[in-house]
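The data blocks that follow each hold one structure.
Each of the two complexes below includes chain A, the first together with chain B, the second together with chain C.
Right, the complex of A and B next:
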């Protein structure tokens, strides 16, 4: 505590960790409701009405909008394509599990290179129905980001072209590690984890389609005019 | 000239053209063990398996300030088939464990292994679902280097301990020292009980009075299969 009664970061250390079941401050935040400060927020409210659930401002100037998860593709597509907004860069797709049976949130962090504006869109998903439409069709970068969210949180992205694990081994059987109900050291014993780890096929992690980043592998141009035909045989 | 002093037995005097110049011996007698171990320990080629910040210190040890080349180790072998000592520098996730094991299996005998740093030796602070809790559950380790990360002097000291270990080896005990069961290729080094002992929560740091099988250390408890 500082003399004027404000908490410091060290006070949080003294209080110790807070169990994930404990009721936390509402994830909606309460830092004010002023959509007019952000052109895209007021436009969203105007155009989509009920599908825009809440709005708040985080970290000073980061506008956060909660939208109806079932209409995420429509709303995000409009935000990307409308010339007034043009959020052409998807900075990050991630998710947050608040624990205690609360809804899991998928977070889209976007930036408009045209208008130099950032916007964060969040979609709430109940834990028993972790499904949402994929936005890979809008931003190609979402491919790996959604795979990561699927791997870590178990959210299924409908329409994703290649929804596989990306960080954990492809045959990982212990669940989705960043969920709050996942035990820190995994579900299996260390001996079982070690055994399963060594049973992995290494080649599976280095498939040509993994390395090709979604494209056909590039053909290397033939080397011209540096080798005689005799030496060419030797080299090949 | 150092070699003449070091070699036991020396040689017999000769007239001219000796191996160290005129008047020096024209041949040497020595123990085969000594010659072989002398060659091995002064040309250790490390296979760097650097996965984290320990690898930065490993690179620093190879650079001119610390200069591993003084010990005959300047040739970092990025191919396991031409390497003698595996330096595992950094944390190893379970996804990487089969890669580490295959690299070890590909190295020709005789081979040694250094576990550099807290993460490689015990999992370090990463006592979590994704991390191997000590690479000694995967491959046999000769020298553990503590530190987070160890300084280059630590790595050099560890390599010199490997050299000392080689100096004491004997060809007649080759199988005792170095033989590996071919059936264990791509298998964990430690059995399930041993892994449980090694990797329990904070296991390596709080169970130092116990063998990795969980038994308390007594005078005669050192059995062959518990020594990595």
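Right, the complex of A and C next:
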């Protein structure tokens, strides 16, 4: 700033980007109404009361509602089936880890094809109890999305029909990569990572039930895929 | 089922019948019940290195004869951890990561990412930039669909459409190259604008492409749309109803083939798409053939959009005129002290973001492509960068679609979903 109090262009660098004068052109996630109002948010508060923890408007016009994680199935099911709301499309299920021991949040991004409305629901989970009810029974799309959250963050989805790793190998032993306490290069040294990769047998990448096809399941060696048991190789 | 033995005196040579009794050689097929042989189900592994899986995708199929009983897709072979890498990079440094995900339509990913960052920061880009990005995105929608068209045609045995489609793709590659210097890894966008203004004559190249491409498309259309083999291989294969398609998370042409007219460009419009004149093709049966028809029509609509966008491309600055977002020009940087400081601050610190989160969906070539960003106050790097990959969700439905079909149909279904593994594994 100049001595006479005028701002120079240089000050803008410290202040960060100016918010645009014009209203944002994109109504992505908007309700079409006043940005502070969203029909589903007021209905949620009215119906579920204390289970709706707080509400905020993000990025100008996107409505975010924090709900009680233990009642997520009930609330999301209501949002999906109630004709006034009908969030029939679950766009995305993901999670956010803020690090530093803060709660991890599971995020549901929903869209209503009937009312052309978007809504984001977030559930806070304490790090020592990463468990939440699965919504696969409501939206089948959540199957893989929840598997990915489980794989990347270690959140257990109760009632998920097929909860196993999806992007990482199913015998991956280094933890959950998108957690903030996970180092960028992984927990093991490069040498250890290489050794484990070379130690894998082909059967390691088959599921036990796949190998058991046409045979009694007990014929399958009990552990396929844990790294400590190389005896598991004698499957075929 | 009752048994009717067909005996025809033709050759006279005796053969073994189904139940072991001798029969005379038939010339017409028997009307006999399916033999109840105690068959074991077979486990067949397709991929990860297989040309028909369209990338490093592995499908483990449980087969009864040639009928698919169950498909288990295994993904992750291309996992590059882009979301984790993004947390260690400033907003603009992430741009090169984006085009490596969907390398079949890189400009759409470039645009989708910076659009979500701009939404998060409340930046309004210039009019010229908006239209330029629309041109880029529609060009790459054609680009992505052409690859799908060529490779899918190969999967049903038609080789010529592949050559025609790749000839046209090559022209878009050339346009990519003159726009960004790269053919695939374009990295064309920056927060608040583009890497550079459109090069001279580039719009003429796009116009030329938009003028001549429909002819090639019509030729491919002649080869496939009424082709008996193609119809036989695609109609009624991998059909999914509208309600299931929504519930399983289909988006893009796959969803529209089932009769739902959900298109992000129409339903949550961005970049003035509501002012463009174009239609959203919708199918009826949700089978492979409808998905084919939808994509073919989408390419024609994209050509219309290209023409309209080229017509309205205004002059003026490409980048936001804000020194805290846009890098100064190299000349200014070398001659002007203030510009040099701006440059230094932007490169070393990055652009500070407000606290909050933002989900920004756009219509990618494969479906709803959403970027979810979480930032902390003044953060120059995302706390979380999440890509909602359309292919990932579309692929998860393959187990349902392929059940009860033949293995050869599984290949067709997989092709008709238009997946790209770079985006699925990220």
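Simple rule for what comes next: the second predicted complex is superposed on the first by the 163 of 236 C-alpha atoms of A that agree within 3 Å, B and C clash if a C-alpha of one lies under 4 Å from a C-alpha of the other, contacts with A are read in each partner's own complex, and residues count from 1 in each chain.
Just so it is clear, a contact is a pair of C-beta atoms (placed from the backbone, for glycine too) under 8 Å apart; a residue touches a chain by one contact, two chains touch by 3 or more.
Not measured: the values here are computed from a predicted model.
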Touching partner for A:195 - first (chain B), second (chain C), both, neither: first
Answer with first, second, both or neither: which of chain B and chain C does A:177 touch in the superposed model? both
After lining up the shared chain so the two structures overlap, which partner does A:169 touch, if you call chain B first and chain C second: first, second, both or neither? both
I'd like to know which partner A:98 touches here: chain B for first, chain C for second, both or neither. second
Check whether A:185 is in contact with chain B, with chain C, with both or with neither, and answer first, second, both or neither. first
According to the stated criteria, A:205 is in contact with first (chain B), second (chain C), both, or neither; which is it? both
After superposition on the shared chain, which partner residues are touched by A:127: those of chain B (first), chain C (second), both, or neither? neither
Chain A residues touched - chain C or chain B, whichever exceeds: C
Check: chain A residues flagged as touching chain B and also chain C 168-169, 177, 182, 184, 205
Contact set on chain C toward chain A in their complex: 40-43, 60, 62, 72, 74-76, 79, 81, 83-85, 88, 115, 119-124, 130, 192, 244, 246-249, 260, 262, 267-272, 322-325, 338, 341-342, 345-346, 351-354, 356-361, 368, 370, 372, 374, 376, 378, 383-384, 386, 388, 392-393, 396, 425-426
Which of the residues in chain A come into contact with chain B in the complex? 168-169, 174, 177, 182-186, 189-202, 205
Listed in rising order, chain A residues that touch chain C in their complex are 8-10, 12-13, 15-22, 24-29, 58-60, 62, 64, 88-92, 94, 96-99, 107, 109, 111, 113, 116, 118, 120, 139-141, 143-145, 148, 152, 165-169, 177-178, 182, 184, 205-207, 210-211, 213-214
Show which residues of chain B lie in contact with chain A when the two form their complex. 94-95, 97-99, 101-102, 127-130, 132-133, 137-138, 186-188, 190-193, 195-196, 198-201
